[in-house]
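Two complexes come next, and they have one chain in common, chain A, joined by chain B in the first and chain C in the second.
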Partner chain A sequence: MRVTSTRYRTLLLALLCAPVTACDDASVPAPLTQDPDAGLKVYHHSMDESPASLDPVQAANIYANHILENTLDTLYAYKYLARPYELKTNLADGWPEISEDRLTYTIRIKRGVRFQDDACFPQGRGREVTAADFVYSLKRNFDPKNRPQGAWFWQGRIVGLDEWKDAGSDHAKEVPGLLALDRYTIQVRLTRPYPQLLDTFAQGYSGVIPREAVERYGREFGVHPVGSGPFKLVSYDSARAVLDRNPHYRQEPVDLAYEGYDPATQRYSGVERIAGRSPPFVDRVIFDFASDDASRWNSLTKGDEIQYAAVPPEKLDEILASRSPPRLKPEYAERYQLIVGLEAGFVFEVFNFSDPRYGYHPDPVQAGRNKALRCAIMKAFDWPARNESWYGGLARVFPGVIVPVTAEFDPDTPVDTITRDVPGARRLLAENGWNAGNLPEFVYGNSAGVKQRMMFEQLRAWLIDIGYPTEKVINKNYATFGDLSRAWKQNELPLISKGWGLDFPDAENTLQLFYGPNGSPGSNDANYRNPEFDRLYEEASVMLPGPERTAIYRRMNEILLQDCVGMTGLSRTRTYLWHKNVVGLPDREITGGFWIKFVDVLPKGESARPADLGQEI
Partner chain B sequence: MNAVIADALADPTPRSLWSAAVRKLARDRAGLIGLAVVLAYLVAALGVWLGLWATEWAEITGSKWAPVSAEHWFGTNIIGQDIFQRGIYSTATAFEVGLVVAVLAAALGGVLGALAGFFVGSWIDELILWAMGVLDAMPFYLLVAAVAFALADNPWSMHVAMIATFWTTTSRLVRGEVIKLRGMEFVEAARAIGVPPTVTIFRHILPNTTHILLVQMTLAFVDAIKAEVILSFLGLGVKGGMSWGLMISESTLEFLGGHFNNLIAASCLMFGLVYAFNMFADALQDALDPKQVSA
Partner chain C sequence: MDLLRFALRKLLAGLPLILGVTLLSFTLMVYFGPDKTYQLLGKNPTPEQIAEIRHELGYDRPFVTRYVEYLRQLVTLDFGNSDSTGEEVNAVLARTIPVSLALELPGFILGNLLAIGLALTAGYFRGGWPDKLIMGLAVIGMSISFLIVIFAFQIWFCTSYGLDWFPVRGWKAENLAEYLRHIAVPTLATMFVALGYSTRFYRAVIVEELNRDHVRTARAYGTPPARLFYRNILKNCAIPIITRIMFTIPSIVIGGALLIETTFGIPGVGKVAYEAIVSGDQPVLKAVVGLTALLFVVTLLITDILYRAVDPRVSIR
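Up next, the complex of A and B:
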């Protein structure tokens, strides 16, 4: 009995030890719960939407650009810290040679730049980037097979490019205005001067990709972009994208002065720590896509997940000790850095001029009544309330479409078009024979969502104030923003409510939204057609920046306001928080994401903020 | 001996099922309280329909998130609308949806159930049973959401969806009752003197299922209100008007800011009506139960 008991004990001991021994064996795969980021320097970034595609020719939003600007190279890019935004060279080796007539650009690219290692290359080793790659990448924007969305940047601008598309987009054929003169030299010939051309070469649409990757991955290229940027995409789905450092990224030490560093306003971010070092500084960037404000907020404040997120407007009062100047409450200042800035873009609601009930009408008398109706609705619109309800009262309302962050913005433009005047609106309607019985139905389209429905309710309440019967103001829901956008393009709705982010810091980018030839399905969803406006647009479009061009832009803005084109506009103030151990100055404007390659992350508990600055902003 | 039998023995006067049910209902205190609350809600709904109150439910009458005050009894929402007015207006929506769905679902279920029961074993019965089986096999909210989504722009889409799914329970119960009734003497007599089947069904049999229809209507009423709130919350319900479901969905914009007035107001109003109606429906069910009433 005693012997037996000892044997059992030995057996039991052996069984207990077995798993311990097995765990120590290096040949056994690691448990599934092991942190895949262990030992890596990781930056967690959050965004409110996920991109639908990462094919650069479909990079129509900042979400795609955030990833593409970090995985691909563009010829030019925006300086990290310079505000107003300034271009700098990126893949381009210096500024272009421009002919005297400003029609021919000769651009050289850097030598020795390699694409990321990928299975599309022989032996999986990335080859050198050449001028032909840029030519190929840009031409893809004119190949309908790729469902490109950025062709409008170059449409009618580059000699032979539209004809190349019309002839079937055969990549074996050359475009006379878009040539690789040799391995490192690109030549672009324009049909007319295009002052914003270099800005277009900083967009995700013009990101340089290798033909081999497109041919290997086919339609899957949209989830497997290959480029020569600082990071390489390793995984991507609707919840997150993971980018790893590109070990072959060219060594280009950061020159803070060149990047536009302003110690007076930017030192708090700790960016001085990256001076003289070559980016990227982190091993991995993880983009978490979460459309729900509360989820992002909880993830940020929990402390161990995302390190950067926009502050929901409902939380502003909770985190800010003062709004002007913006200052965090001590409990938040202890843990986070704050940046508050005006967006490079705006939101606006414009009438559809193709709708004879609100827009153009063949009968001049009715056309005049329609204009009075539009002006009355503009007077009903309560911009301060809109700002308070949805943007925490921090947005900037301005008259017209030239947004405040552009140099052409005129702060002295009269504000009567953005001032609520209910008696004036009622008077205008009465003078023009409008009453509750003959006012046309007002169908407000929006994508499904509570916030969208409440924005409709707000507008309906204002229309009720000027005499609209409740039942004539109708909400029409579309399942997705894409469906709503299609309805605008197909002229189904009398009002277009949208936001526009500047592609480049030039008022031309918003004025083109009202240029007649850009009518639906182009960017002019309002289908606004005014010969005088179009003439001025064409005149200004070939001019270099300067007072003369600015005067023309401002005159165009006046024309839009006089025509009561719609309720415009409002630039949102973006408020972001990020963890103190993150070195960086976030900015999601213009192309979005161009700053992420400069991000560094300090060990937990350390602060990027210089100690002598204290916690005040 | 239970109380009902004792009552019957104590009072030798012969009573109809209806008069007995009314007497029984009148003694059910919980049921009467439920009925009183439901009537109070009905008065609120009638006032909305007649334009006596809650006329400014769509207008902006205060500032963003104004607190509870004499002017705004439940405060205001994110755009400054009065939550009390919206809550009261939603009562009318609940009654409108509840009544339309309850009446039409009961009518449809009653007619189809009576047909299936009268022609039991025939192809008519098979067809109706098959339709009921198919509809019952699908998850309720999924089916309602699918119908409501398919009829997206139609303001009656939600009603159609609910009626299309609510009639089956009534139909099953009525079918069972009619199978029992069709073998009774008065039906035999009608058949013997040559009364056509449709007349027999609709004049002689269906009136004898009224107690089932009445109880089912009260249950469908409550279910319709709950389904309306859920569908509206999901964006598939009320279009253009206001409902407790829409108020609850609005409140999702307000949680982060620490404002819960919309949620509390809509939830309490809905809870009050649903609970009261359930109490009343239970009492009605007890009162109309032939086993208890006729004992």
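Up next, the complex of A and C:
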């Protein structure tokens, strides 16, 4: 009763004192680049969406990771400037000792690293980070109460972890394959070799948190993460997140060569200014969640608000003097720095092989006809038109599922599967007995939206070109992406159209999308099952990177193309602008946000770009 | 005592409304709303994980059990935690409702005052050029999409392409000057659009009153215009005006202003409510719908009491 009346009072007070409360909100900093009153050096970063939860076990997207990678520590991280991406040690004190059979990893963590000061600790003073904290944090991914989303990285991989979950996820009980041997030593024992294990320890999911915080904040830990990263979250709502410098962050001067600095391509960013200094270099980072393109653009160009933003596709012609190589018009080059780069991921459209009208069929003859139908639809697909219509012509179309940013990508893969060939498609259909009368309905599922509808209409026009009757190409709208995802997982649609962002820079991350045992509701929404593909996947999954593994990956890619799995793929080009007084080289790919701790801000009017460089990058 | 009895009777009479609204909205949420399960799953889920998530969300419990739980939450004002962020729903509302109120109240108050003033002017000069001008502007205000008004005002007042007087995005209310700077353009945009609807409505009410015998008589006796408008017209128009104003309040308090909040980066309740709708965050939705229904009942009661205050002929028995 007491609780109830308190709640009534709280709500009533909130309503009555609304304007006063709003006027008392002192947690929101001034929207200036450098607020002279507070004397703070502030970096304003914009994102096109807001994260849902900041609990690391739910860090399923780059938006959450942008904040968590700067709030928490992971054992490993990606180098700031090295491309292709390379891992480096972070909280881990050096590389692990790996047993001969590659099943046991012994990882030491740095001594003296402290959690951020927080009310969850005695006297509010953060305590030292220990190996047990990592063990606890990783085990949380296997506790259903936390609604974890990253368990799949370690499922069936770590000895005893699945059994620990099946026994009720009791944190008092040990997992034999995940132990804190002492205060600073972690031991991980695997069921089979896992070459990507260290990559998984760079993910937000494995961010190290103190148990005290989870126990204090409960479910609200999702809006109150506590870690040992370079910044501490001080406020978070639907419009922005404010992170302040962690004054106790360890002193680790930047070694640009170690971080993979390439003066030829990166000097323009001015990152040489941070060499030898210990991050973080700004007092405050403000993430503005600006989903509306126009508003974000207006804020960027205003000059004293957000300092970094993705460029809306419709603005590309306004800002670029040349697309290849990308070069800013002089009026923009005066004020902004530019980066144009491929995403670490791709968009693709694959057939649902569990649909007997397009995929597998018990009758071998029909199965052959279905394959011909899939191949014909692939030939109808006009990639250049799609690229021009939706990605400003800047995206990269490639054959297969090994994306260009990975080392395993083969630029010499034949491009016939991504080349439009309407006569060839018509011939293929006719040879296999397909005609307007017997072609199956083609239901295209998408989430409701004008753009999605237009994409459907474009695809329908291409299908009509190869002989599909208009009425057989049907659009099916779903209210949300979650509903569309449910339709895929429940095999309701013949075609799956989605995007995939790499979790780590290894082609395994996209090839697993076609591994048979990952079928629905797993990541293999296509329900593709090919014994040869699965055998190769299993063989490669325990191999270390190298030419032999790359050859297997490329063979798997060929198998997918030969089976006409779908229209794939396209890596989008990201275009970003940032103010010239910001020292940094943005990159939102892979875990996202790992570069922000290196950002510095110069006084307004100064430029990070070396004076001797011209406009071209 | 009469007033207290009246209030209690009104509140009791509001119970079926609350039950109806909550039952209908809960049915829609459960059977037609977005399925949160598939947003909370990892990239490579198993059927067991889907079942675990559904259990955590309470989707595996009978409808009636869940609805009774909803009513209990409404009575205790404990809506649990958001399914998206994990934050307590009460904390979300206590944080966002004041922001939305601070954002919308100035436009609401100024807009209505201005609309009444314009409606009186238009009514007084009915058929003349001031009337035509005001009604013409009202139609323009009503005809332009709110979204276009927001963007036009943002570009005009806030950006380097225009006057560049106010911030494009953000919310800062540390002092009155900053607060006014941040609400100026949202308030102007809200007023621009709302003014058209309100002015037309109030004018219609006022014109109807102008045609009444007692007004004609007062005019014939030479009552000065100000006195005529205040004593003979405005007081008699008070009931429809109060009705319109009062019934806007619940949507201001709980509904917020989605477009304004999204475009100007303001952390109000409108954006939270919208995101709850599209993401299927049932705890937040249940709170928003339930509290809106409650507020409507309270508003009905206050409106009835106000009727009595402005018109003694209205009985509160």
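The rule is simple: the second predicted complex is superposed on the first by the 577 of 617 C-alpha atoms of A that agree within 3 Å, B and C clash if a C-alpha of one lies under 4 Å from a C-alpha of the other, contacts with A are read in each partner's own complex, and residues count from 1 in each chain.
Just so it is clear, contacts are C-beta pairs under 8 Å (C-beta built on N, C-alpha and C of every residue); 3 or more make two chains touch, one makes a residue touch a chain.
What you see is a predicted model, and the numbers here were worked out from it, not measured in a lab.
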Partner chain in contact with A:464 - chain B first, chain C second, else both or neither: first
Which superposed partner A:385 touches (first chain B, second chain C, both, neither): first
Which superposed partner A:294 touches (first chain B, second chain C, both, neither): both
Partner chain(s) touched by A:273 [first = chain B, second = chain C, both, neither]: neither
First, second, both or neither for A:482, with chain B first and chain C second: second
Contacts of A:314 with chain B and chain C, given as first, second, both or neither: first
Those residues of chain A which chain B touches in one complex and chain C touches in the other: 294
Touching residues (chain side chain A, partner chain C) in the complex: 3-4, 7-8, 10-11, 14-15, 17-19, 21-26, 28, 30-31, 52-55, 58, 60, 144-145, 147-152, 155, 219-223, 237-240, 288-292, 294-295, 298-299, 301-303, 305-306, 479-483, 485-486, 489, 503, 512, 518, 521-523
Of chain B, residues touching chain A in the complex: 58-60, 64, 77-81, 152-153, 235, 239-240, 246, 249-250, 252-258
Residues of chain C that touch chain A when the two form their complex: 34-47, 49-50, 52-53, 55-56, 75-78, 81, 84-88, 90-91, 93-99, 101-103, 105, 151, 154-155, 158-161, 164, 167-176, 179, 253, 261-267, 271-272, 275, 278-280
Residues of chain A touching chain B in the complex: 293-294, 297, 312, 314-315, 317-318, 385, 388-389, 448-451, 453-454, 457-458, 460-462, 464-465, 470-471, 474-477
